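Notes follow the structure.
Chain lettering (A, B, C, D and E) follows the sequence in which the chains are written, and residue indices restart at 1 in each chain.
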Amino acid sequence: MSKTILSVRNLNKVYQDDKSVILENVNLDVEEREFLTILGPSGCGKTTLLRCIAGFEDYTGTVTTDGKVTKDPDVDRFMVFQDFNQLFPWKTVKKNIQYPLRIQGLKDKDELERIANETIASVGLKGYENYYPYQLSGGMKQRVAIAKALALKSKIILMDEPFAALDAMTRTRLQKELLNISKKTDCTFMFVTHNIQEAIILGTRILVFGDGGKILVDEKNPLAKPVSPSSEGYGEFWDRLHSALYQSDN
Amino acid sequence: MMNRKKALIAKALFLLAFVIIWEIVAKRNVFGSNSQIVFPTIETIAKAFVRNFKVGYAGISLWKYILNSMELLLIGLFLGIFLAFVFSAISMINPTFYEIYNMLVSICDLLPGVALLPVVIIIFGIHRSVIVFLVIHSVIWPMSRNLLDGFHSFPQIYIEAGMNIGLRGKSLLTGVYLPATTAYILSGLKVGWARAWRGLLSAEMIFGIASSPGIGLFINQMRTNLNNAEVYATLIVIIIIGVIVQYGIIDTIEKHTIKKWGMSK
Amino acid sequence: NEAKEETAEETKTETKKIAIAYQYGLAYAPVIIVKEKGLMEEAYKNLTGNELQVEWVQMSSGADINNGIASGEIDAGFMGIGPAMTGISKGLNYKVFTNISGQEHGMMSNDAAIASLGDLVGTENQIALVNIGSIQHIILAKALAENGYDAHALDANIVAMKHPDGMASLESGAVKCHLTSSPYIFYEHDNANLYEIKEVHEAWGQDKSFIVGIASTELNSDAELYQALCDSFVAAIDLINNNVNEAAALTCDFNGNTAEVEADYLQRGVYSTETNGLFEMLQFMQDNDFCDKNITSYSELVFDNVKGN
Amino acid sequence: MMNRKKALIAKALFLLAFVIIWEIVAKRNVFGSNSQIVFPTIETIAKAFVRNFKVGYAGISLWKYILNSMELLLIGLFLGIFLAFVFSAISMINPTFYEIYNMLVSICDLLPGVALLPVVIIIFGIHRSVIVFLVIHSVIWPMSRNLLDGFHSFPQIYIEAGMNIGLRGKSLLTGVYLPATTAYILSGLKVGWARAWRGLLSAEMIFGIASSPGIGLFINQMRTNLNNAEVYATLIVIIIIGVIVQYGIIDTIEKHTIKKWGMSK
Amino acid sequence: MSKTILSVRNLNKVYQDDKSVILENVNLDVEEREFLTILGPSGCGKTTLLRCIAGFEDYTGTVTTDGKVTKDPDVDRFMVFQDFNQLFPWKTVKKNIQYPLRIQGLKDKDELERIANETIASVGLKGYENYYPYQLSGGMKQRVAIAKALALKSKIILMDEPFAALDAMTRTRLQKELLNISKKTDCTFMFVTHNIQEAIILGTRILVFGDGGKILVDEKNPLAKPVSPSSEGYGEFWDRLHSALYQSDN
């Protein structure tokens, strides 16, 4: 059995100025190299959960990463935000990608060059190396953020709807890229998406959240990779997730 | 945005209009028969300008006064900015320090330099550092105010993105806080630069070491001797230096930072 | 309604208005007396039967007052003889209408080894005084000249700061010497750790003019007003000379003294309407680059009524 | 963020430490035997504090001086802020005006009030408005600097969102520019408030109408009369007023604007 | 024949500091009450086109709205941005929606109340009226921006991937809402999306952009509303658009 890399215990989250509980008693264990995809209605607390795990929010309960209780942000949990403005506007695309690596102690110029070029190419942004973020389209910015995560290869990568701003083709390409990387590295992923198909294609395990951060579905993905809509059992699984999602509302 | 040439013409025309009005006021004695002492003609001021550098005061050219002052000004300005950075930075790392420093900035900014002079002299002795101290006093508080407030009001997501990649404390400051607040910092620099000048002039007017006389002393002497034309000519020198710094240095920095990054229109 | 306005205007025109600039301090005691007792308004009423409204403006230096006069907004003012002569030589349309006072000046040292100017010339010992080009600076120059040194021999030793700061600096040892005037010189005399350098006091004593009153030629041409102005100062100076206690009671608050101390201090100064040494000082200034060279006679400095030299 | 109580204790402890050090310096004559003139003991200052209000100067209580000054201060401050707003606003609407005003701010901020005094007197006459003018001069330029730079560096999208719904010119200014730059404006207010005080004090030290003497004259006379304890006591009054404004007014505004809107941490 | 409300002629767009041409000679006529959906790969210039039409960019060529050449932004063309930060942070959800109406001269308190409540409900944000934008999730912010557009009912509504941050359910609901409104009002829509299905469901006419703003497909939607994936001809149309999109890359 592989080891538990992330464990969330009795996590409760209430925003200070507000009485209503966003996350109520969330418990979750994620194993190393798992690819967890998270579905859930808008406003149910997906972002909030990722932010708690990443250490950006105060909460009650504990988050344990690789055996250590973690309260504050650190590189072992890297987050790709939902917001388009997560790139440093004062750095070019390439510098935005290289900077985290340099912070982590990678000094070798050639290596930095290589990694940057590789990841930039993998998100389809060749030629945009020296653009500043304000010169990019929405989807391009998000792709740079994804490239940052791919270059950094943190233990846990938290992705908050990273593909939402992408067209179908780019999306499919990046899904494949991500699948490849998740196979080749030891990274563990938590990936929020609104696309059920995407959740099935990428996830080794799928979570559906309801309002108040209730976990409605928590299942291993029964389909073998690579999944396509024509895979056996796809339709049935899709329906199950779909109805769980719909149900969560009423 | 206007193009550079049009902007230049607009500014030149404005200055010209000002000069013409001044000249009319001066030549017509609009404010009474003796008003040429207060409003000397442009010609008088121009002559005074030349005389300032050729003759100067007490046998020393204005150059020398400017050099003496510039040295103190720059030391004071850099120290003031540096200290403002250091303290504001510590404030970001340590909340207790922030509370105290924030209070200190609000308080100290209220204190006139004159009132501090005795304390400064007794601590530093009779030394040019007294002037430097007074320049620092006029720079550090407004600069710190800009930094403290700037640090609190840029988008939180940059901090999070920074912590995300392992920036902490000092590295978070240099990696995120400083670049993210460049607009505030440059704005603070402009104000700080002006503050430094005014701080220097008023410091040199209340405290002067004759062996290294400064531009404040020069102005003071010209005032005392009712040489207003010389005073204005000296102010023009100050303005020229100021404008060079503003348009030559600070604007260039702006162009290569916030403008280039799309963080300012 | 209109008629009412008119009469209001008429009564207004009868009230004369002038603006007088002044400074604070022991040396200006007669000004404070005139101001506080309303002597000028009283004198004007006696002469003409009309009201006079004096706007008293406090300014911090003779230079400011000179500019105020140049702007036409100030009609009369009080300042040291230095700025007064600068103003006249610059062609400002005013002259001295009265002498106000002479005060004690002196230079004190906190080092027993410094007993005369000769012990300072050629050293780097610092001398605090109120400003470069100030009357104290000129007195230092005069003392140097009278003792055979170059008038500017100690210029580089000067540190400019206000009297109280200079005194604190002297007492704390931050400077070696302090050249100051009353009342600070009194305090320093009382301090047993300080030593006087006598030449300075000898060069310009309290018998010499120090503070004068100046009035614009315009004011001078209004005979009654000018008379009222002069009369009020005669009266104020008389009061100091004849009834020092009453005078002290009026001025002590402004100078932060008790009435007794104030009376003592007033007696140590020389309050007189007559100038003494004004022209001598001007010549020294002209000869030693302290002001422009263009005045050749005493009468260019003062109005006709002023006696002295 | 710290909780309020802890912050209060930290600040109180800091002030206490300062007071204790001061007292040691004063009592031990650390800076020479006569240093009590410069460093009076706390007791002396406390007594001077009471005396300022009871006895005052020239038979007038410090209250009266404060009231006289506060009137001019507030008029100058409000006018300065108001004019800074108006001109900065016009600058946003008219690019030519912006170029000229931006230059004007850079130039005028360099000019010491003393040097302007003759010009001001000749224009305004002998009047309290001279002080008001000098207060305005010390407020308007740094305030305008904050506004101009603030207007240029908030996210462009707010302007677009504003134009999107038909905001134009004046309505765009009040609907977008002002709220979007609240952080800059408040920062400018803090600096402006301190500037106004220092401008007032130095203006009153060089010019005053005898019939309404101000706090600057008070301090000046106390210094001249060697009453340093009274000077410090007066500064404490100024500090108290300043702190009330900072923590009572500006902080409250912050709490109800940028803090509430999530635009400042 | 219905009248042309928007007409784009020879529109060219180059960003100042960059030589590469983003939009090259774009020509487009949009008829009143049309619902134009726009597909295209990430970075191809969709946002740029909307921004030019809205008047936020400099360009060469002309944009004519309702017979008048328009260069500057105005309320006749309302834009819902791709960016999450388009709401005024200093206004609550309700105020953000009411403010544009008040600017347009609507003073009646009750009417303002009614419209705000109605549109807030229609985007599923009942209960969040008095929240400030920073208190909302990404999807919720976008929904408020949509509500703003719905309340304002500009002649032309430009929507830049407004549903990208929404879960399937909310998305479906808002698609229905939008269809309803487009039927009831005279508004003309230009709607950028990455979702081919969405483009077919919503659009009366569909555009596919290629790189450089080339229009690869410009077709009336052959399917009758309401469209569902089971509508006749849906699959074929979907395939056509899909291959046009893919082809644009190669």
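By our rule, a contact is a pair of C-beta atoms (placed from the backbone, for glycine too) under 8 Å apart; a residue touches a chain by one contact, two chains touch by 3 or more.
Just so it is clear, the model here is predicted, and its values are computed rather than measured.
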Neighbours of subunit E that also touch subunit C are D
Between subunit D and subunit E, the fewest touch steps amount to 1
Rounded to the nearest Å, the gap separating the Cα centres of subunit A and subunit B is 49
Rounded to the nearest Å, the gap separating the Cα centres of subunit B and subunit C is 35
Check: subunit E positions touching at least 2 other chains come out as 83, 85, 135
Multi-chain touching residues of subunit C, meaning two or more other chains, are 61, 67, 70-72, 162, 164, 168, 172
Subunit B residues touching 2+ other chains are 31-32, 35, 37-38, 118, 122, 223, 228, 263
Chains touch in the following pairs A-B, A-E, B-C, B-D, C-D, D-E
In the complex, the residues of subunit D that touch subunit B are 1-2, 6-7, 10-11, 14, 31-32, 35, 37-39, 95-96, 99-100, 103, 106-107, 109-112, 114-115, 118-119, 122-123, 141-142, 145-146, 149-150, 152-153, 156, 183-184, 186-187, 190-191, 194-195, 197-198, 201-202, 205, 219, 223, 228, 231, 235, 238-239, 242-243, 246, 258, 263-265
Subunit B residues touching subunit C in their complex are 31-35, 37-38, 58, 117-118, 121-122, 125-126, 206-211, 213, 217, 220-221, 223-226, 228
In the complex, the residues of subunit D that touch subunit E are 155, 157-158, 160-161, 163-167, 171, 175-176, 179-180, 182, 257, 260-263
Per the touch rule, the subunit E residues reaching subunit D in their complex are 54-56, 72-75, 78-79, 81, 83, 85-90, 99-100, 103-104, 132-135, 148, 152
Per the touch rule, the subunit E residues reaching subunit A in their complex are 15, 17-18, 39-43, 46-48, 82-85, 124, 135-140, 143, 160-161, 164-171, 194-196, 242, 245-246, 249
